[in-house]
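Here you go, one structure.
A, B, C and D are the chain letters, set down in written order, and residue numbers restart from 1 in every chain.
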Amino acid sequence: MSGFKVRTDLALEARENVEEGAEELRGVTVEETYDEESEVKVTRVVIESKNSAKLLGKPIGTYITLEAPAMAQPDEEYHKEISDELAKQLKNIIPGTEDEISVMVVGLGNRDVTADALGPNVVDNLTITRHMVKEFGKAAYGKNRIHMISGLIPGVMAKTGMESAEIIKGVVEKTRPDVVVVVDALAARSTKRLNRTIQVTNTGIHPGSGVGNHRNSITKESLGVPVIAIGVPTVVDAATIVNDAMEKALKNLPVETAKLQEELHGGMGELYNMYVTGKDVDYEIKQISHIICDALNRALEL
Amino acid sequence: MSGFKVRTDLALEARENVEEGAEELRGVTVEETYDEESEVKVTRVVIESKNSAKLLGKPIGTYITLEAPAMAQPDEEYHKEISDELAKQLKNIIPGTEDEISVMVVGLGNRDVTADALGPNVVDNLTITRHMVKEFGKAAYGKNRIHMISGLIPGVMAKTGMESAEIIKGVVEKTRPDVVVVVDALAARSTKRLNRTIQVTNTGIHPGSGVGNHRNSITKESLGVPVIAIGVPTVVDAATIVNDAMEKALKNLPVETAKLQEELHGGMGELYNMYVTGKDVDYEIKQISHIICDALNRALEL
Amino acid sequence: MSGFKVRTDLALEARENVEEGAEELRGVTVEETYDEESEVKVTRVVIESKNSAKLLGKPIGTYITLEAPAMAQPDEEYHKEISDELAKQLKNIIPGTEDEISVMVVGLGNRDVTADALGPNVVDNLTITRHMVKEFGKAAYGKNRIHMISGLIPGVMAKTGMESAEIIKGVVEKTRPDVVVVVDALAARSTKRLNRTIQVTNTGIHPGSGVGNHRNSITKESLGVPVIAIGVPTVVDAATIVNDAMEKALKNLPVETAKLQEELHGGMGELYNMYVTGKDVDYEIKQISHIICDALNRALEL
Amino acid sequence: MSGFKVRTDLALEARENVEEGAEELRGVTVEETYDEESEVKVTRVVIESKNSAKLLGKPIGTYITLEAPAMAQPDEEYHKEISDELAKQLKNIIPGTEDEISVMVVGLGNRDVTADALGPNVVDNLTITRHMVKEFGKAAYGKNRIHMISGLIPGVMAKTGMESAEIIKGVVEKTRPDVVVVVDALAARSTKRLNRTIQVTNTGIHPGSGVGNHRNSITKESLGVPVIAIGVPTVVDAATIVNDAMEKALKNLPVETAKLQEELHGGMGELYNMYVTGKDVDYEIKQISHIICDALNRALEL
């Protein structure tokens, strides 16, 4: 149903949102693999045509989603399996990793809001090499080949007065990395994907996405270098939660949907600046930050 | 309407929940004062009878609520007015402040979850005197009379493996304060009170209250000394949000409420471990922590 | 005495280091004012000639130092007096504050090392206006005239792989502020000035200064806009401490200084990456951050 | 030499301090093992007699020291080797680990001072089980046998107004663990051991030890249950640094030591509240916390 606009940062969910009849959407290819042992499901959605991009509300590009039910649970060996898979996917989608490149990893979000601190957490714990290589050469690491890794935590607009995109662009122009990797907390469509899903895409970050609602693009077009985005849904918009619950409840009741939507819409104004998150959000964000940090460290090793 | 059980930690809201016919609830007195200049509204609810306590789902005792629309806004002088009023109320309700007493201030909650960090923030910034007075006497402060203030941040059960009540009780028995003041983040009934309301009560903390859902009492009965609780609603349960939005929307629609509630109830299971919070939660918690800390410091000066 | 090279970031101390005979150093003017009530001493050192700049090891420019014995003590009213004085000095030395300007405040240093977190702390708590003015105009603040304030916390090289100067330069070129104000923790010459002194200068930041030893300049020459630096000595190099103690001890003993210095020098290699700090460093840094933040907020009000 | 009293929390160093002639100290047995591959050196000092305890200034008991030059370096596999060895030693020295026991792990120190945050960091990341076992039984973990682990971060006296020992004692009496494990940052005798050494002892914590200078004992005598202490030297007292450098420098110079000591002593008053720490202290503390946390988790698995 729904004429109600629901926001999701996940291509997976965008596709689910599209009406049922359209299941074989043209210009979109979907591949799924599932590892029974690790219970990790990898979905690869490629949006190939302008038309399908418009339909899904997502730009042309590749979207890889890792889903694992116990992603945020305290099991180090299991985390290792997920981060192995993620490292493999990252090595693949980050252009140039077989040669020596320089990569700037950017942690978006607000480090003082637990659900939004994913990006800063990842960058805080990443292995950074650029300054050592520049000063002492590869010898500093006893290696012949090494990527130059730098890290940036731009902060959020309410605290900097600047768009993250402005800050990143300035630093990219000054330090000239070959690739930018952006890590961000996302808004999901439903609570069932919270802290259980990692999305990797080569389309960068677009206006209105992320917990903090970035307004400017962080993309190849805007920065001049490829931008890989790693995102984890950590919150659901409060308005979405209400809408979802309502839809479920009304399925079997004799209410005219359009009217209800209208009424709802009127009463939910105050919810548009609110979000829903789980009660263990601190623990779960810590676990997933660790998985992503680990995967990035290994994907960026030569 | 509502047969649906909605949770609130505010006496103010508990009273509002009670059906309209019951407006003049026996055994409950309510006084309101409103300062036009500062826009601070003080409501004093006294629950006097067992019957009214049962009806409201709150224990017998005094509940003082300060409401101020701009409480979390960045205006230092305005904060001063609120903290002046709060200091006055605290001085009044904390027994013995005219003599020299020892007071333990306890900051409940999880310092790693922004909306739950209110208590730890307040205690982190409080003026602590007990150790100095014990070691050097009042001379350390150049005063004849001084309260001995101590502070405790017990942490949450998921991280300590212990009930906060166990920890507090142990420390109270060892250090024997005359009064315990507990500061905690609360769950409210509606988003409109979030971070705009401070409740002070002499009934302590009861099972199921607070963001972290404490299961054991922290009261005069359990600790052996008077317990004053300061609480600020910083979150709303996700289930409450859904219920509220629904009620509003359905007022004018021909649905049988009971049936809807039933359906809703079924679909909301997953929401019971989730909460809703505003996007500026970090900033707002910082402001209100500052107000409470300031008020406590002044209320506990001789 | 001393042929031993001692590092200080304070012009005040640089001047004290110069041999006694040179007391009336040409090309340097010094003015002192002392407020008996507040016990705040303000020293204004102006280095006017290349020659004196070379002699003092500090660039040509103005250096204002506020010293107050109880700066880091818990007395809010006293802090107000210091921040009043600091605000006045800042309003004076930041060019253009009588008109509307845009100011970027940069917090240098490592937020994870207590003694080095001063800069990040100040920017974290500053009133930021640029984004609001850009989006909603001055009306957002109900004012006719307002400065546009932005804030940047670049992080330290070990964690970013980039010089702070590179990051700042990139962001300055993109967002074009009229003035940059840099806040940093400094190394002092002696423990007696730790957390009791604030230095303001219009010469910016030079290589080798600050706790983190920045290697690139952050100056008008490098950024293209005036750079005001606010610094507080929060550490002393371990090597300096040793040298000082030794000098004091040997004054009355029959040792040849040169030989001792030589021996010392040999044995102190390991001390050059170490620093000395007080045991209440967390509390003191919090107090002084608050004073500087408050002064900046007021100096940048129109 | 030295008549000067130098403070160390390491039994290893206490032994080195004792004059050379006394090398075969009666009532003290020392065993060393060194693993060439991992470069981990384990020293086991057992102080058996009152006499030797007095001579070394350490109580009767067992002191195990792990030294590894690259302990704080970024090498995860190497960390694994150290934490394996530490887990083995802990399993051995914590009484009762072959049966089911309840263990309270206490993180001493100030989480806001980087060098003193070791204890809080370890407890923050530990696997806590007590509350789950108490509520859901061992089934919660799918195991037949499990230890009940709880964690406590008491905070420092300047912020709580209470001795850590008072808080711990109160909580121990209320929750009755079988063993207490205390983790603390220590003061070392020389910079060369900083963040490269872990000491485990069954003698608990004694007055004057630790960075924060605890004044009350945390021992089997005071708590009524065995106390195992895990300590890492993270700072050196500033006075010690000066003394050491001086001694080295003066070895070949014709100064009378006693006189020098006297002079030094006079001039160093201000240094007694100061400490020396390395510039990468944040990174190193994070690494070592991780090693200890990992070792404790494994030592306390059944």
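By definition in this document, contacts are C-beta pairs under 8 Å (C-beta built on N, C-alpha and C of every residue); 3 or more make two chains touch, one makes a residue touch a chain.
Computed from a predicted structure; not experimentally measured.
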Check: Any chains in contact with both chain B and chain C?
Finding: A, D
Checklist line | A-B or B-D, whichever has more C-beta pairs in contact | finding: A-B
Next item on the list: Express in whole angstrom the distance between the two chain centres, defined as the mean CA positions of chain A and chain B.
Entry: 36
Item checked: chain B and chain D, separation of their C-alpha mean positions in angstrom -> 39
Next item on the list: Would you give the residues of chain B that are in contact with at least 2 other chains, written as numbers and ranges?
Entry: 158
Item checked: chain B residues touching chain A - in the complex, by the definition given at the top -> 110, 112-114, 158, 191-192, 211-212, 238, 241-242, 245-246, 248-255, 259-260, 263-264, 266-268, 270-271, 273-283
Notebook entry, point to check: Which of the residues in chain C end up touching chain A in this complex?
Noted result: 123-124, 128-132, 148-153, 155, 157-163, 166-167, 169-175
